[in-house]
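The data blocks that follow each hold one structure.
Below are two complexes that have chain A in common, paired first with chain B and then with chain C.
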Partner chain A sequence: MSQDHNKSRRHFLGQAAATTAVIAPGITLMTIAQANQDQPHGASSSKRWGMLVDTNKCTDGCTDCVSACQQENGWGDGSSDESLSNPQQKAQWIRTVTIRDKQTGHTNQLPMMCQHCESPACVDVCPTGASMKRVDGIVLVDKHICIGCRYCMMACPYKARSFVHESLHDQKSNSPRGKGTVEACTMCVHRVDHGDQPACVEKCSSGAMMFGDLNDPNSDISKKLAEVDSTQIRADLGLNPSIRYSGI
Partner chain B sequence: MLSQMLKQISRQRVTVVALVLGSLMGYASIAQSGDRDGVRSSISPNAGDSCVRETSWMRRNHMELLQHDRDRTLRQGIRSVDGSIKGCVECHVQQDDHGNTVAINAENQFCSSCHAFTSVSIDCFECHATTPDSVKRAAK
Partner chain C sequence: MKRVVYSGIEGRSLGYWGLMGALGFFILLAAGSFLYMEHSGHHVTGMNNQVVWGMPHVFAIFLIVAASGALNVASISSVFNQKIYKPLARMSAMLALTLLAGGLVVLLLDLGRADRMITAVTNYNFKSIFAWNIILYSGFFVIVLAYLWSMFDPKLHKHTRKAGTAAFIWRLVLTTGTGSIFGFLSARQGYDAAIMAPMFIIMSFAFGKAIFMILLIGTYRYTDRSISADLIERLNNLFGVFVAAVLYFTVVFHLTNLYAAEHGDFERFILMDGGVYTFLFWVVQVLLGGVVPLVLIYHPAFRYNIRSLIAASSLVIIGGIAHIYGIVVGGQAFPLVLFPGKEVSSSFNEGVVNSYSPSLPEILLGLGGVAVAVALFLFAIKMLRLVPENLDAEHTENVTEVPA
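Up next, the complex of A and B:
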């Protein structure tokens, strides 16, 4: 009896294996197809994307970069969403900051956004790995695995990240955004991957912003950085941001 | 006594196996028959001749493709992928009688019709755009 029982069990297992083989081949085939298809393009570690902002050219009261970012990525005035959030809660990927020398009264305006640090504090503290840095230095949030804990917002010394507090419906197809996730400047990664410049740089009417590869000594930005005096904001923290400012 | 118990157990086991196999086959037949019971295949005029994979394959595995390629796009910056949700929306989105584009997750639209039929909730459009950019959206 027990032998019969074992036999039928073996028979069942055999059948089950056969069934699996019928269901599974699609998945196996896909893996092989993907592996062959893989192109060597995509983000490259030989590059490090960065920006140089000339604060002497940045015009007081101008918000070209902010509105360009809003239109490109669908937040603030570029979206009909977030009507329930108060101004302190609303997303802010880029903002203008005015700094004033207390002794002379001289003021300077500059755009402030994610500084795309080489050693980002937000990536260090992220418990899920959602906060990540691409090999070309662009710091992003993988919203698929972001749990909305906001540790990164606490860790960021530049106050660059925002949290979405309400359901959204009016997103741009290149900038997915949603309730319960943290977001920030992506350096317009969807444009950069196609060889374009970030929206803020393109729309800056005073030509105060420059974008390029910091690793390439022949890029315009590297030549300019070698020529002019520039600084990183809160350089004392040793995070080595990719955004540099001159004239402050 | 013991053999009777064993017999009973093995009979129960056969029933369970039959039930499991039956439900698997039922699912497979649903996945293969797209045009029945209100589950329709809607292809917009923007679409080309065919999907990125066979339709029958896509019906079962589109989520695997999307999940695989989302990581390649986001983390590695590889944007020429088959599993692009933007691509899904561009091809499968429909227009209403006034020429306005209807959100792809609206009732009876491409994504939602199948997902409602199979009782699988769809989270993609909590974040992702439901219509291509620069089109006139239909009022909700």
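Up next, the complex of A and C:
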């Protein structure tokens, strides 16, 4: 009797597994978090991806990086979505910020996005672990387990994250987004994992942005960082961001 | 020595069903609001990428803070052995549970993906103060239920004190957790303060007590039961201490901020130039929610008068909501300081005060949480023997607790 019972249970589980196998590929979204699986080696803890922004080269009024990110990741002008959201509700993965010294009047422009901190406040506060940091330092949101509590947005000192306020239909396959979840700059992880540079760096016409491995002393970015004076934004918070700025 | 006899309220009057009907109507409106927000997405709310937590969080946090405070009367009786409060312990514990339930309903239904709320249990980040709160809230239900049980079951009376002590300690940790949701946020000028945790505890004492007294006095008035003047006097005086303590913590919080030049701009925003936030702070939170209640509680012309006590309690609730609104929304409205000492501008509201106007569905969802809490409480006092039949002088002195 109990053997029969076990048998039928096994049968059921087998069927369930088979059904899942048939249905799952259709309904399982490819997450950006898993994008590294396309790479034979995946994310490597020996690397720490980072950027250096030379604000002296960043031209006033230029929005190359913003447009590139929009087109690459399908938000803002890169998508027909978010028509119902007001400007304050629309996603903004990267923005240009103009800063002016109150005493001297000196102004700078710089791109501001997720700073991919070594100790990210968003990852600490996330109740489900949807906010996470890959071993190579890229901070991402797993859209499958984000419950949309927005605590990461409260915690982020850089206002780098956006919440999706409406249903989306026009998405890029490399950057899945979803209503009710939080998103931010992924450092174009899908490109980085294929050996390419983030879209913003590639499209920056003034050459103000440099991307590379901060752990490799022979990388261009490390050499440059050894040479020039650079700062981290809100370094006082001790988060050790991977994005560094020179000229401010 | 009189025995305290507990009974359920009759709950058959037109007044009872009318009140339940009204609460049910609010709960339906809240359910409709949730479905609307869930279906449309949060673009139909006043919340945005600058002010990410709005009215639902104000109500949810108010109710959660008040929940732990509502347990206070029970704690005083069981932990500090104040016999006069003993007959009220059951109602106090039940109100704590229903307020927490109401607050959590609002919090969970405001999630961007409310359909995934189970994920908060299946995927758990132990470093998150938010995740700790999930354990603290669940634990509160379990411990307070055990505490209630120990009060109901004569065989378990000997454990009541232990259960009450456990519940008391747990509620202190719980409110510490709620306050730390803000206190731990080092990025924002309005938060990042260890005083948030004890301030939330003292706020909970005042808000919870205010709600408890309104429901207690209301229940007794409408069921023709009597309360001793001595008990009213004690409740009144203790309430005064809590209200004064909230003001004290408010002063210390802002003075500490004012002393640090880096927080000067934030303080100027809240205390002087913040428009609605400045109004809410001075007029609603401090004056209506603190100073006026203290006059009603302590001035000989009003002291120990039930009407004054109800008025003071109502004002403390209104002031408390303004207080939480100032913390939650005011703290986000003030712009993040990315470049200290510099002026900033961008296409994403850099360096300007973020605007937020609550939308109707958000307010209805929040009010729905209050309605859930009160309706559950009214249902509980009808179904369970929670309410002492008499709280007059004879019954509140030398009490022996015997269930009916």
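Everything that follows uses one rule, which is that the second predicted complex is superposed on the first by the 208 of 248 C-alpha atoms of A that agree within 3 Å, B and C clash if a C-alpha of one lies under 4 Å from a C-alpha of the other, contacts with A are read in each partner's own complex, and residues count from 1 in each chain.
Going forward, a residue touches a chain if its C-beta (ideal position, glycine included) is under 8 Å from a C-beta of that chain, and two chains touch if they have at least 3 such contacts.
Predicted, not measured: the structure shown is a model, and the values here were computed from it.
When the shared chain is aligned, chain B comes close enough to touch A:193, but chain C does not.
By the touch criterion defined above, A:176 reaches chain B but does not reach chain C.
Taking chain A as the reference chain, the count of touched residues is higher for C when chain B and chain C are set side by side. Of the two partner chains placed by superposition, A:240 touches none, neither chain B nor chain C. Looking at the shared chain after the overlay, A:155 reaches chain C, while chain B stays out of its contact range. In the superposed model, A:222 makes contact with neither chain B nor chain C. Of the two partner chains, chain B is the only one that A:43 touches; chain C does not reach it. Looking at the shared chain after the overlay, A:167 reaches both chain B and chain C. In the overlay built on the shared chain, the residue A:232 is in contact with neither chain B nor chain C. With both structures placed on the common chain, the touch criterion links A:140 to chain B but leaves chain C unconnected.
When the two complexes are laid over each other on chain A, chain A has residues 167, 179, 181 in contact with both chain B and chain C. By the touch rule above, chain A contacts chain B in their complex via residues 1-2, 5, 8, 12, 19, 23, 26-27, 30, 34, 38-39, 41-43, 132, 134-136, 140, 142-144, 167-169, 171-174, 176-179, 181, 189-190, 193-194.
Residues of chain A that touch chain C in their complex: 84-86, 88-92, 95-103, 112, 121, 123-130, 145-151, 153-159, 161-167, 179-182, 233-234, 237, 248. Chain C meets chain A in the complex at residues 40-43, 47-50, 52-53, 111-114, 116-117, 119-120, 123-125, 127-131, 134, 181, 184-188, 332, 336, 338-339, 341-350, 354-355. The touching residues of chain B, counted against chain A in their complex, run 3, 6, 10, 13, 17, 21, 24, 57, 60-61, 64-65, 68, 70, 72, 74-80, 86, 89, 126-130, 132-133, 140.
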